[in-house]
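Here the chain labels run A, B, C, D, E, F, G and H in written order, and each chain numbers its own residues starting at 1.
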Amino acid sequence: MSDDHVFDFQRQARIGLAEAVLCAGKTPAQIDAIIATAMGNEKRLLLTRLADEVARQLDAPMDYDPLSRTGIVGEADPPAGPAAVAVVTAGTSDLPVAREAVRTLGFYGRAVTEISDVGVAGLWRLLAREEDLRRHACVIAVAGMEGALFSVVAGLVPGLVIAVPTSTGYGVARGGETALHAALTSCAPGVVAVNIDNGYGAASAALRFLAARDR
Amino acid sequence: MSDDHVFDFQRQARIGLAEAVLCAGKTPAQIDAIIATAMGNEKRLLLTRLADEVARQLDAPMDYDPLSRTGIVGEADPPAGPAAVAVVTAGTSDLPVAREAVRTLGFYGRAVTEISDVGVAGLWRLLAREEDLRRHACVIAVAGMEGALFSVVAGLVPGLVIAVPTSTGYGVARGGETALHAALTSCAPGVVAVNIDNGYGAASAALRFLAARDR
Amino acid sequence: MSDDHVFDFQRQARIGLAEAVLCAGKTPAQIDAIIATAMGNEKRLLLTRLADEVARQLDAPMDYDPLSRTGIVGEADPPAGPAAVAVVTAGTSDLPVAREAVRTLGFYGRAVTEISDVGVAGLWRLLAREEDLRRHACVIAVAGMEGALFSVVAGLVPGLVIAVPTSTGYGVARGGETALHAALTSCAPGVVAVNIDNGYGAASAALRFLAARDR
Amino acid sequence: MSDDHVFDFQRQARIGLAEAVLCAGKTPAQIDAIIATAMGNEKRLLLTRLADEVARQLDAPMDYDPLSRTGIVGEADPPAGPAAVAVVTAGTSDLPVAREAVRTLGFYGRAVTEISDVGVAGLWRLLAREEDLRRHACVIAVAGMEGALFSVVAGLVPGLVIAVPTSTGYGVARGGETALHAALTSCAPGVVAVNIDNGYGAASAALRFLAARDR
Amino acid sequence: MSDDHVFDFQRQARIGLAEAVLCAGKTPAQIDAIIATAMGNEKRLLLTRLADEVARQLDAPMDYDPLSRTGIVGEADPPAGPAAVAVVTAGTSDLPVAREAVRTLGFYGRAVTEISDVGVAGLWRLLAREEDLRRHACVIAVAGMEGALFSVVAGLVPGLVIAVPTSTGYGVARGGETALHAALTSCAPGVVAVNIDNGYGAASAALRFLAARDR
Amino acid sequence: MSDDHVFDFQRQARIGLAEAVLCAGKTPAQIDAIIATAMGNEKRLLLTRLADEVARQLDAPMDYDPLSRTGIVGEADPPAGPAAVAVVTAGTSDLPVAREAVRTLGFYGRAVTEISDVGVAGLWRLLAREEDLRRHACVIAVAGMEGALFSVVAGLVPGLVIAVPTSTGYGVARGGETALHAALTSCAPGVVAVNIDNGYGAASAALRFLAARDR
Amino acid sequence: MSDDHVFDFQRQARIGLAEAVLCAGKTPAQIDAIIATAMGNEKRLLLTRLADEVARQLDAPMDYDPLSRTGIVGEADPPAGPAAVAVVTAGTSDLPVAREAVRTLGFYGRAVTEISDVGVAGLWRLLAREEDLRRHACVIAVAGMEGALFSVVAGLVPGLVIAVPTSTGYGVARGGETALHAALTSCAPGVVAVNIDNGYGAASAALRFLAARDR
Amino acid sequence: MSDDHVFDFQRQARIGLAEAVLCAGKTPAQIDAIIATAMGNEKRLLLTRLADEVARQLDAPMDYDPLSRTGIVGEADPPAGPAAVAVVTAGTSDLPVAREAVRTLGFYGRAVTEISDVGVAGLWRLLAREEDLRRHACVIAVAGMEGALFSVVAGLVPGLVIAVPTSTGYGVARGGETALHAALTSCAPGVVAVNIDNGYGAASAALRFLAARDR
């Protein structure tokens, strides 16, 4: 059981998404070693859940974003064309997760429309953006607490709605479980969900969608 | 341990609400005995969760409503004045619970505005009733599944919003738990909740509210 | 609170999906009334979770499928073009849920490739269909128990993978919760999930996807 | 996705409650920015879950209370009239949550009667205050552990009883879930509940109640 | 693996309690066989959770009580002395569980004081029995829903308080779990609990207590 | 809402147990204030869950035990007579909880037999103490993990068995929930349980038992 | 998606275990079809969770056992050699699950020692069989409720101990979850577990073990 | 209750496994004392969950491995013969748990084949090792998140498959519970599981297996 990471180099060719590195629980030395292995074969690498203090200890130069805790080693694809994906958030606390999705999409050269603070307690904020939202093929909705945003958005737009529940809230918010369950039991048809706080996963699904659309 | 029910006859005077009989799990004979005991002291009695087939076997004459499974023995108070309470439902499956609240309010002579099928998937249905809803001192919102109705209503009206989560839905709706947690973690301030499917409880809270207002 | 259902007639125009009728918990009389209301405005109607014995008591003629417990009143759209969506199942017990997805897609004229019994315990069965699966823009994977199928499929194909966990299994399968959680924590990137046993929801998401692709 | 907070300035006019700032998880710089944005439009601002060490780093002058971790920027409404709301606690550990409710009510100029240490293990302490409690239109009961206080209070007083379960306790107290469930399953009719430790929410409900009463 | 039950005949001598037969899930033939085996060695036998329709099919003559679903084969010990144990219930629905405890105590010749319908919503009913309760060495308190009775009783009496949570209630009562957790997190010191609906277990603990006291 | 603690001074006379101070979550200043208030009326005071670093900051002199995190202010009752209570532990990690029970019993002058490391994996260790255990009127069994000790002890001894589940273990030990549930579902009759890690509660129940026995 | 079952005919050669048919939720017609397909390739077939009333409607002749609800079509392997596996049960209610394991082992010609009613409440029953148990290479322990049997057995014997938790019990036994967690947190080293009520799975593991031993 | 640990010295002779010391929650002084007691009777001792900073404070010399947090005092058995056990991991985060298993097997002189990073998202990595894996009598599979590895491995190899779920992952991975449930509900027959992160337990089961095989 060598400690060398066995990279899945065929992944980009096979499913259109390269292996990313989930940095939570890895030491700087381990991450540097994985970067070295990966960059021998790939032209770029995405790192997620990379804490600020860990990022500062890495040898590899990278484009690091502290809000989303993501790092990009090498060159991201240049952004191309109008945004087909909108990322919307209920409140300020949902921004880090939303930004992880934005950064992942940007890594693959996909433009994104970002809309924040449209939680349903002040419904006019969302309704003011309704027409804009309806123009996007895919809406990634990011919300914690009761996750009512998912149903309201999915009742307003025709595009694919990917819900990202966040761990925002306390008590019976249960670290995002209530928002997740709200997404899955939405009264609006066709909402799909990813794991709590998984902005990367939502972006990956959107990338599968966009690649299939573009084929 | 005699099987004679010890009725709390002081309850109406003490808290403004008479003891009601939860009939689930009681036999027709037991319910008839409780009615006899109660009607010796009270001029009327409310029965909840009274199944149709049990109601048919009771000796006491009553006003029975099969949708809400409630029975009223004796005379309900006559309805008085304009409706201070609105009861709104997300969908058809929430009607039995909503009707239990309406019947309880009616038992005490309180008028109610009923608004149904205003789930947020078709938001225009709720927005069309916004002005009407804002005129009520108290809104009882009844919804299952993801319970997004609670937050949207509480963001639109100034009155007291009492959420009644229902067991409508399947899978992670978890028999109403997701809707309950949505009510409790609402991003709109001041939503209060009662137990799942507890239309009687929501009406009781509204009655406490109305009595305090009228004092 | 009249018992007349308030149909969301704007839904098809707004989000591309018409309101469907979830029949669980409704009486034949209620369903017949909703059909009558709906068919005054729509040219067709989809009914889900319609039990065999209830379907037999309905007045309206319909195309009823007992395996998926779905009914179609009026004319479904004619199927068009090659299948962009594949529906795969782990085992025989997952077929009713899978068929609900197939029927929903067919209602909107979308062709489907159906592949059954490809659970990972006999991995060759899935690998034999790998090339076929990779040709589809969207794969709806239907599995209960441990839901390993979701990760294995998503590691093999580039299309959008929508996981439908089913309630197949016992003990800690927990009525589909384990399969749902497996979908959400998949080690393969970009898996999205719908509620347990929600074939209709997965198809609705695929329809949003196809409509966005075709715009 | 600018980091500028989109304030819901219409909220006070719409529902009678201004947007408050939940400070948990925000940096001092973010909070200062929100205060600046808000005070451009509002004459005062309430901040909740504001930790002592964060409060000390803020630029804006404010009235800060460390027990409840609340801050008030600008002028609270002057207190008016006799107290219509009583806030009662079971024990010392429930005081921070109770005080959050008191501060929120005070922010809107509502007088409060505070009664502490009336847990039911020493029932005489509560019974000694029974007459006093009965004079209030609304009682906010704050308790953790088994939450028996909610039922006992609601059996004694005619006013609206709002239960605030707290995270006091250990083991199967489950961070407040047991107290929350006790509130929701109370044998006394008409108890309503807010989320665990949500003193702000209970006060918001009371404010809706008082505003409706006073209209 | 013969189907002959291996009876623990040494149990009475070893721990003072004979093996009882939990009849749930056993066929009449199996129960009759166990009775035959047991009565070859013991002079009496207690059967619990014995449904009415099963009891009617048994060959062995017995004293059967349908409320508690218990049967006694052979001679119970004659009751002796004043009651050292009181069994109190919150409401009518708790009676079957309470009666199971009473029957078990009676099987061993222990007298019991039964007090019913003393739920805390009408506190005067319990306070009226306070002096009586204080005279008993052990109080078995039987309650479902929020289980507030346990804490109030334990705050009033010096004796051992054994809480029996019952499955009375719905929604977040969770089949007795909320009442169980209330017993275990009681603010009154020294409450002990048995499993949900386990009247037999509470009586067994009381019997251990009485035997130790009498040694 | 003054911060002065309202002490339940009648508790010792009423139920035989004085109010103890649960120090978790209280500051040294608060604890010192409570001690001052209490010692004006009582001749001694028990403090539980008192962390070492907090104890060191208190003004009041006390007998502090770091293993059990208990403090005794004033004079404990002198121990009297032979031990009627045995406290047994499954393993070393259960000692702090066991010692809390021992200290509480000692506070009231009750002698205790302590037996440690008798977990059932090495059954001979428990069987070697069987005769000794059988001589005690009450056995407090302290165990985490799977809690098998409770059933084995209760199958061997005639005395009252009080189970104290502990949070020892990881994974599905779930912080003591598995041990708690094991106690409550024991196949040996008459086991009673207290909350997880609640050595104080178990001792309080034993004290109720001993007081009743001695009356 | 044809309804023809895709049998995994390579399974016996690949892993030493043939595909078995879980009959729960299948109609007699479906099961008959699967039998026909299977018996075209295999010389025998095992059916599990086959209800008595379903078995009676099947066309295929089989050896059916109502206690374990298993059917064997074709010829089981003849039993060979001394028993290497012992199957022990805590109580009568665990027999159906135990027998499913025994029947599965017998299907592959493996002899089994069956020992029943050795629950730890009467420990002598198990200790009397200790020497016998120690002679077996593998012990399958079957128990519900608190599952203490697993730890006690694993502390006594050197062989592989496979725990099968059963759904025997009520309340916090939680349908077998408590026994499952007890197995997984056993203080005796090296206990392994299968799903609740999964006698077939335990036998399959034992068969893997025996095949590896015999290679 | 002396603090001297009562060592189970008969354990090696009785079940073939010596008592190991779980160091989590013990102080360096306590661990040193246990080592001293143990080494008076045993020739070696295994310590698990021994944190790096605690290990550095111990007096006893030992072979310490920081990745697995295990220490070996005295002489491990020399490795003998070809590896009968393979330990495979899904990803890098699973290595500490896997290594605990490897170290435990090595302590008893058992050789191990280690295979890492064979998670099913890149299925070719596992298929490349299929033949190698099939040669082992026992495969310990270590995986977190959705735990799909367990089913895929068990569908490929004939040996005993012991699943070790790990706490790798976030959100509904629930600290390893999802992987655990996936192991227990595997569609491949005969998977057995140990507690979350319990590499020691898996190795102990493998040692029981190997000892039984070698007898």
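Here is the rule we go by: contacts are C-beta pairs under 8 Å (C-beta built on N, C-alpha and C of every residue); 3 or more make two chains touch, one makes a residue touch a chain.
The model shown is predicted, which means the values in this text are computed figures rather than measured ones.
Path length between chain A and chain E in the chain contact graph, taken as the least number of steps between touching chains: 2. Path length between chain B and chain G in the chain contact graph, taken as the least number of steps between touching chains: 2. Shared contacts of chain A and chain D, meaning chains that touch the two of them, come down to B. When chain centres are set by their Cα atoms, the one at the greatest distance from chain A is E. Sharing over half of its contact pairs with A-D by residue number, the repeated interface among E-F, G-H or B-E is B-E. In whole angstrom, the spacing between the mean C-alpha positions of chain C and chain F is 56.
The distance from the centre of chain A to the centre of chain G, with each centre set as the mean of the Cα atoms, comes to 45 Å. Residue positions of chain B touching 2 or more other chains, listed in rising order: 121-122, 154-156, 171-173, 177, 180, 184-185, 188-189, 195, 198. Of all possible chain pairings, those that touch are A-B, A-C, A-D, A-H, B-C, B-D, B-E, C-G, C-H, D-E, D-F, E-F, E-G, F-G, F-H, G-H. The part of chain D that touches chain E in the complex is made up of residues 90-91, 119-123, 145-148, 150-152, 154-156, 169, 171-174, 177-178, 180-189. Residue ranges of chain H in contact with chain G, taken from their complex: 14-17, 20, 137-138, 154-162, 180, 184-185, 188-195, 198, 200-202, 204-205, 207-209, 211-213, 215. Chain B meets chain E in the complex at residues 1-3, 5-6, 8, 10-11, 19, 22, 24-26, 30, 34, 167, 175-177, 180, 195-198. Within the complex, the chain F residues that touch chain H are 87, 89, 92-93, 95, 98-99, 102, 114-118, 121-122, 124-125, 168, 170-173.
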